[in-house]
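Mind looking over this structure? Questions follow.
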Amino acid sequence: MITLEAARRVVSAAEEKAREIGQPMDIAVLDGGRNLKSFARMDNAWLGSIEIAIDKAYTSTSFEMSTEDLVSQAQPGQPLFGINTTNNSRVVIFAGGIPIQRDGQVVGAVGVSDGTPDQDQQVAEAGVAAF
Amino acid sequence: MITLEAARRVVSAAEEKAREIGQPMDIAVLDGGRNLKSFARMDNAWLGSIEIAIDKAYTSTSFEMSTEDLVSQAQPGQPLFGINTTNNSRVVIFAGGIPIQRDGQVVGAVGVSDGTPDQDQQVAEAGVAAF
Amino acid sequence: MITLEAARRVVSAAEEKAREIGQPMDIAVLDGGRNLKSFARMDNAWLGSIEIAIDKAYTSTSFEMSTEDLVSQAQPGQPLFGINTTNNSRVVIFAGGIPIQRDGQVVGAVGVSDGTPDQDQQVAEAGVAAF
Amino acid sequence: MITLEAARRVVSAAEEKAREIGQPMDIAVLDGGRNLKSFARMDNAWLGSIEIAIDKAYTSTSFEMSTEDLVSQAQPGQPLFGINTTNNSRVVIFAGGIPIQRDGQVVGAVGVSDGTPDQDQQVAEAGVAAF
């Protein structure tokens, strides 16, 4: 369970970090069943990042890991090459999705998109830290 | 253009009305390009209403009318029978989606789902009124 | 949370009822997040019922009601006419899907398909009773 | 033809191996027509592996080979590069899917997902051996 109040705390903290680094972002929080709980597209953030933000959170809930951890494994010749076309092609293999945990259980995830992978990761981390 | 600040004002007013009538809701605001701007799933609101809320707003932006206005036209034998399977079946033909206008132009829409059509409509109206 | 052991108990009881009435069935159990937990296609059951069984359970989890309760509301002229084309057209509007509850909370659902609506409902009820 | 009884024998043997190596798995058996026959998601197995398990079996039935055999051929510059986006992107190109044969004919396949490719392969092999 992740409440709307908790999901919004995550989104707000991510937004604050995004403003701090001067990069508008699309930010999504999904619950542990991979269903959307809260979403915000900051002004001037990319349209193409709406689904990427949501699907990064989807990916992190699906595999209980950050999307950053998929980067190296999903390269050609690596064990999970091709994973991004599974699950109706909703698996994102670059940084910006991080699971949200309570007592060691994944209860949801945040997904952030529009900046560089480093920026997305940084903003997602700020979001998770506020949970 | 609809700012995140304005979109959230719409969501908040809708939420307040939903709490007032004691019915948790899924609430979405899309911009004039039919792209998601803000979303909230209130605690205990249906999972099935996530997409319905988003798609009611999608419908209202698509056809610049409330989804309530589609109800009679989409019945068997009526002029728009079958419209709900167009646009990748994202067209919703019951109440709860209302366009958001500025100076007579549709700049977005709100979509609300989980209650009766009357409740959804009432909550969506409260949202639009706050724009 | 619904364990695999509990999900299988539901499937087994549904199967037993299906054999009793002499009608092979497709039987699915989803968890509260609408994700598949257990599935069985009995020998000679329809291929077309694979997705219907899964999607009946999807529908019952999505709207926290039996699909039988959607039948009258989804008819032309009724409040939810058109709901079957929402959620990527995964909403099924005839009997055979029933929520599984624990302490008043929906923790999943069973979906059954291949017989008449009455048979599907009866088999689904036998499944839920075993939870 | 693969009976439900035989499909379950495959799933049970795979489960037993998964427990033995201490890795919860999603396990699917499809028939020779690529249609789902039996499925089990072990407790604590990834949600993202539901579809991957089913689609590994889909892939092995589709091309009458193990998904492991696709790995090298699907790399950049190799003959089947891009095959994972065919068939509505249901083709999985890492280990864990194995055809089930009777008298030299492919009558179905098992798909396993959630561990390393080696673990998935090992568990799938245990399943097939029980057929």
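Each chain gets a letter, A, B, C and D, in the order it is written, and its residues are counted from 1.
Operating definition for what follows: contacts are C-beta pairs under 8 Å (C-beta built on N, C-alpha and C of every residue); 3 or more make two chains touch, one makes a residue touch a chain.
Only a predicted model underlies this, so the values are computations on that prediction, with no experimental measurement involved.
Undergrad: Are the interface residues of chain A and chain B largely the same numbers on each copy, more than half shared, or largely different?
TA: On the two sides of the chain B and chain A interface, the residue numbers are mostly the same, over half being shared.
Undergrad: How many angstrom between the C-alpha centroids of chain B and chain A?
TA: 25
Undergrad: For chain A and chain D, what's the span in angstrom between their mean Cα positions?
TA: Result: the chain centres lie 28 Å from each other.
Undergrad: Where in chain A do residues touch at least two different other chains?
TA: 33-35
Undergrad: Taking touching chains as linked, do they make an open path (line), a single closed cycle (ring), a hub with spokes (star), an all-linked set (complete), or other?
TA: other
Undergrad: For this structure, enumerate the chain pairs that meet the touch criterion.
TA: A-B, A-C, A-D, B-C, C-D
Undergrad: Please give the residue numbers of chain A that touch chain D in the complex, ascending.
TA: For chain A paired with chain D, touching residues are 33-34, 59, 61-64, 76-77, 79-83, 85-89, 91.
Undergrad: Report the residues of chain A in contact with chain B in the complex, numbered from low to high.
TA: 3-4, 8, 33, 35-43, 47, 50
Undergrad: Mind listing the chain B positions that touch chain C in their complex?
TA: Contact set of chain B toward chain C: 46-49, 51-52, 55, 71, 74-76, 84-85, 89, 91-94, 116-117.
Undergrad: Please give the residue numbers of chain C that touch chain A in the complex, ascending.
TA: These residues of chain C touch chain A: 31-35.
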